[in-house]
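Below: a set of structures, written as structure tokens.
Note that chain A is present in both complexes that follow, paired respectively with chain B and with chain C.
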Partner chain A sequence: MLEESETAAAVEVRPTAEGTRRRRGRVEALLLSSWRRPFLAMALLIIVVVSVMAIVPQLFTDIDPRDCDLSLSRLGPSPGHPFGFDMQGCDYFSNVVYGARTSMLVGVLVAGLTFVIALVAGSLAGYYGGLIDTVISRAADIVLGVPVMIASLVILYQFKSRGVGTIVFVLVLFTWAGTMRYLRGTVLQVKQLEYVQAARILGVGRLRILSRHVLPNAITPLIVMSTLSVGAGMTAEAGFSILGVGIKLPAFSWGLQIAAASSDGNWQIAPLLMLFPALMLALTTLAFVVLGENLRDALDPRSS
Partner chain B sequence: MTTPLLLLDDVHQTYRPKGSIFSRGPAGLVQAVSGVTLDINAGETLGVVGESGCGKSTLARMIVGIEDPKQGAVRWKGTDVSTLKGTERKAFHRSIQLIFQDPFASLDPRRTVGQSIAEGVLAHDLVAADAVGDRVQQLLRQVGLLPVHAWRYPHEFSGGQLQRVGIAQALGVEPEVLVCDEPVSALDVSVRAQVLNLLNQLKTELGLAIVFIAHDLDVVQHMSDRIVTMYLGKIVEQGPCDAVYESAGHPYTRALLSAIPKKPAPGYRIDRVVLEGDPPSPINPPAGCPFHTRCYAAIEMCSTVVPKAADLGDGHRATCHLAEEVSRSRVGQPYSVV
Partner chain C sequence: MLRYATRRILLMIPTLIGSTFLVFLLVFLVPGDPVLALAGDKRLSESSIRAIREQYNLDDPFLVQYFKWLGNVLHGDFGFDFNNNSVTDLIASAFPYTMALALSAFCLKLVIGVLIGVWAGLREGRAPDKFNLFFTIFFLAVPGFIIAYLAQYVFGIKLHWLPISGVRQGFPIAFVMPAMVLALETASPLARLTRTSLVDVMRADFIVTAHAKGASPGRVVWRHALRNAFLPVVTYLGLSLASLLGGSVLIETIFNLPGLGGTLSDAITLQQGPVVVGVSVFLLLFFLLSSLIVDLLYPLIDPRVRHA
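Our next item is the complex of A and B:
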């Protein structure tokens, strides 16, 4: 019967360790093994570089992005100015570097807030059911029934000054519902599994079952979705800027730069003005997608 | 007669068929268990057999208390459990534990086996916090596993080993009754006997009462002191193991006996009956005897008159109009042709 024949000796006892330690172990293992996965390694590198760029842009450039000279307008790359100059004659490299903060902030805040709201609302709705579920699910249905792009435009149009907070608010308003539903679905699925019933029969309390058994087994898709939605948030921010309802000048953002480059056909005269911010946005979004995909594989308890 | 450990007193359980928000489900109620009276005594093994959908699992869920009967009472050592409150209720739930059919599904894949076993022990504060580890080791040894297994995850085990883990988990809360819901049907035949022997051994060592639920009589025969046959939410026959095997008084039990894949010894033969069709809908059970639609021995009155339990002696009762004749017949039993 016993296929293994280990000795019982020299075994330290720690059977009450938290289940989450295992998940953390898997993420650590994933990060450590990234040198064997070139795509993941590149994605992590991009995310780290862009994050540092967002936090301390001064590390990458000592040129003030607002120090402009109209006579340099749309000049191409030159020594000391690798990305050239924009329409206003400002150094484009420092502009792009400073734009990282807005994009990252929008992406991370949207993903983080959506994660928290979906986690709380989704587990309440799925686990407790009844009236709570009805209220939360119908609210989500209403949100999901709204045409997101048009509604976002209408809402954003109402704000006189639009900052990161405004964009994040509108994006979270329309993304929480789908994510919540997803988590609610997995919670419902896990809730009726036998090991949850087994815990109930053993006399484990409801909240403990939720936190120990249901959520750890239901949260993986949520983590993956949230990672993916960082990129989606960044792209949406840029999209709003292009449509003219994004963050207002004189803020720096890749979206604003793409919008400026695309207006009046500027990019046909100076295509690099379009290329650099779009490339940064695409690479960062892609990096989060790659990270999300790898997380999904790594967090499966049967992969080892 | 002493008070039984656990007594189900005319329990009923019904479910409403699920509809959607906009349409009600089919009218009527699913009568999963209707009018079951059953006693479980300390230290005995009670076998419950019946085909899928006959209410065995619902019965198990009511015994362990994750479902309350819609009607009737569950008495624990003479006390109606619906009157129990707080710590008393918690102690009652602790006393009855369930072993699931599929051990792969009944253990949390994200927690080590040690964590799973420790959970019940911790939930009831049965040992001091620093002694939990020792208790887990002890439980693992008790079910024939090694202490190192505590750090493994369920996917690293075989089905038989996992079922042992499930048993260790249940034993952790020191129950008096172990309800086993088809504990070996998901296991390889080669490890079935080991798990069954373990259950028998634990029963003797710990004085456990075991409710052993299965869909085939063969497994139950080797385990049980008493046997209960269920059909369509009702008990159709119950009695001591040997009596039910040798002189089954209900045609349904006879059909189950016939279904045991067994080659008769030379010079013997077995007359088998094979049940046709599916059991009737539990939403709308047939009038008269619920089994008459598939019964090989049915007579006219079976479709109109509900049979009463006929006493065949020694606590052996069969709910059939023809119980006497059926119990004297030899359907499903080997008999000599020499």
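Our next item is the complex of A and C:
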């Protein structure tokens, strides 16, 4: 999140109409006012906590998630073991904590890569037009014509060793097009504005016009879409695990834990095994959507 | 109209070829022997390996393989699984369940999404609008499968109102929970779009005119506003088929319905590669065909497209 607000730092929302209003100002104002917006504050808190959990899980638990004792299988919560034990008798709290990394990594990588690809391909297609535009837009048509879940599934099935990279690759392959098309449309619009024409007449180079004048004004919806897509990536990762084409064991992920809890109706006997990873996943995806919605409102020039 | 239809049909061809080619490329060009990839960890007999090489024409050059395979698929021949059952028969027996689920979910989603959207749109900024915001954010963010497990737990295990899974109780009963979950999962964008569209239309000049000419509020909403507000909604409904089909794979798996999604996840567990590829490609083609039909019906609703 920090990175996004920083890339947005030097740019203006709509120089033609509101020359002085800077995007960073808007994001800062949003973050500063978060104490007055309980939902946003909660969302930011969740994102920070889960991010720390993903980076240094040791901060949250001293127990090794692979230190298991079958005799403890499915025991309920007890002091020192707030989430109880899973089927294999491993401490479930540390398992869930260690699962944060995979889920966050998939979500953030999918969002980040989609952002970069959409930015490059979208601005090339929108600004240069011609053959580049035709190639990129037709490729996007093909990808958009396919249901993501089904196409990803059949491809993932073919990979024998599936890790974070595999999942991210397949998801990005089928999600870049929507964002790209959106950016391309915005670039086409912005390109026509007077100040861009003026820059061109002044003899500013194409690349400079694109990077300094066009993109800063087209990037806002992209930031919002990327924030929203973090949760979508995490959801998809877990969905693949339930279907049996997700990340392979012995990795830790909320998706794998939900899948393990759901297989053979285990969770009907031990519902807590389903509850904890599902709750973490739901809270995190909810947090990213709430953040995205707030960013959209804050960055939308019409809203002020 | 004819020109529009021809154009739309011609535009589908690159998408059809492109998407099937992409799947074919990634399925059959993964490093290693594609036969072994299809089989997963399973050991195959000499004769099955030969049968698969034959079925996918693996001894031909790559492009020839692809076009032979595409030709078979378009003729409704999806090959055979490792037990020599026809994948086409499998699809035919599973298809009604998926249709029953998708159509009931579609109707429920239509009612839920449009009702909430219209209610919120007519009361902009007031309580129904806030409710709409909470509703859409919640169901947009929380994964559908979590809602599915929750529904199973509450209505199946605790309250005993509905069967937890399976289709033993037949059409309406067994499909209530899965269809409802699928509908809620996909109703958010619909509710949102309806609301935004209606809010925009209600601010238009012709609505003011209608009010000024003394039309009753009900008449203004029903005859003037909704008709115009629904245009983008109808477009979206057509596009939303993908999320319904994709979502139904997971929902069928969780609720143990023997539809295409259930067949697909069973095939993954049993490592029946030809079934995985066959059913997915069928779903893909089915999706392309339904979006084509939706697009061809669109001019009936929007005269601007008809005369373009």
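The rule is short, and it goes like this: the second predicted complex is superposed on the first by the 277 of 304 C-alpha atoms of A that agree within 3 Å, B and C clash if a C-alpha of one lies under 4 Å from a C-alpha of the other, contacts with A are read in each partner's own complex, and residues count from 1 in each chain.
Simple rule for what comes next: contacts are C-beta pairs under 8 Å (C-beta built on N, C-alpha and C of every residue); 3 or more make two chains touch, one makes a residue touch a chain.
The shown structure was predicted, so the numbers you read here are calculated from the model rather than taken from an experiment.
Student: Applying the document's definition of touch, where does A:31 land relative to chain B and chain C: first, second, both, or neither?
Tutor: neither
Student: Touch check for A:217: first (chain B), second (chain C), both, or neither?
Tutor: In the superposition, A:217 touches chain B alone.
Student: Is A:49 contacted by the first partner chain B, the second partner chain C, both or neither?
Tutor: neither
Student: What residues on chain A touch chain C, complex-wise?
Tutor: Listed in rising order, the residues are 138-139, 141-143, 145-151, 153-155, 157-160, 231, 235, 238-239, 242-245, 258, 262, 267-268, 271, 274, 278, 281-282, 285-286, 288-290, 293.
Student: Show which residues of chain A lie in contact with chain B when the two form their complex.
Tutor: Residues in contact with chain B: 1-4, 6-8, 11, 13-17, 19, 22-23, 193-195, 197-205, 208, 212-213, 216-217, 301-302.
Student: For a test of understanding, state which residues of chain C touch chain A in their complex under the given definition.
Tutor: For this pair, the touching residues of chain C are 11, 14-15, 18-19, 22-23, 26-27, 30, 37-38, 40, 137-138, 140-143, 145-146, 149, 153, 157, 164, 242-243, 245-247, 249-250, 253-254, 264-265, 268-269, 273, 276-277, 280-281, 283-284, 287-288, 291.
Student: Of all residues in chain B, which touch chain A in the complex?
Tutor: 64-66, 90, 93-94, 97-98, 100, 102, 105-112, 114-120, 122-124, 132-134, 136-137, 144-148, 150-151, 153, 155, 158, 160-161, 166, 169-170, 172-173, 191, 194
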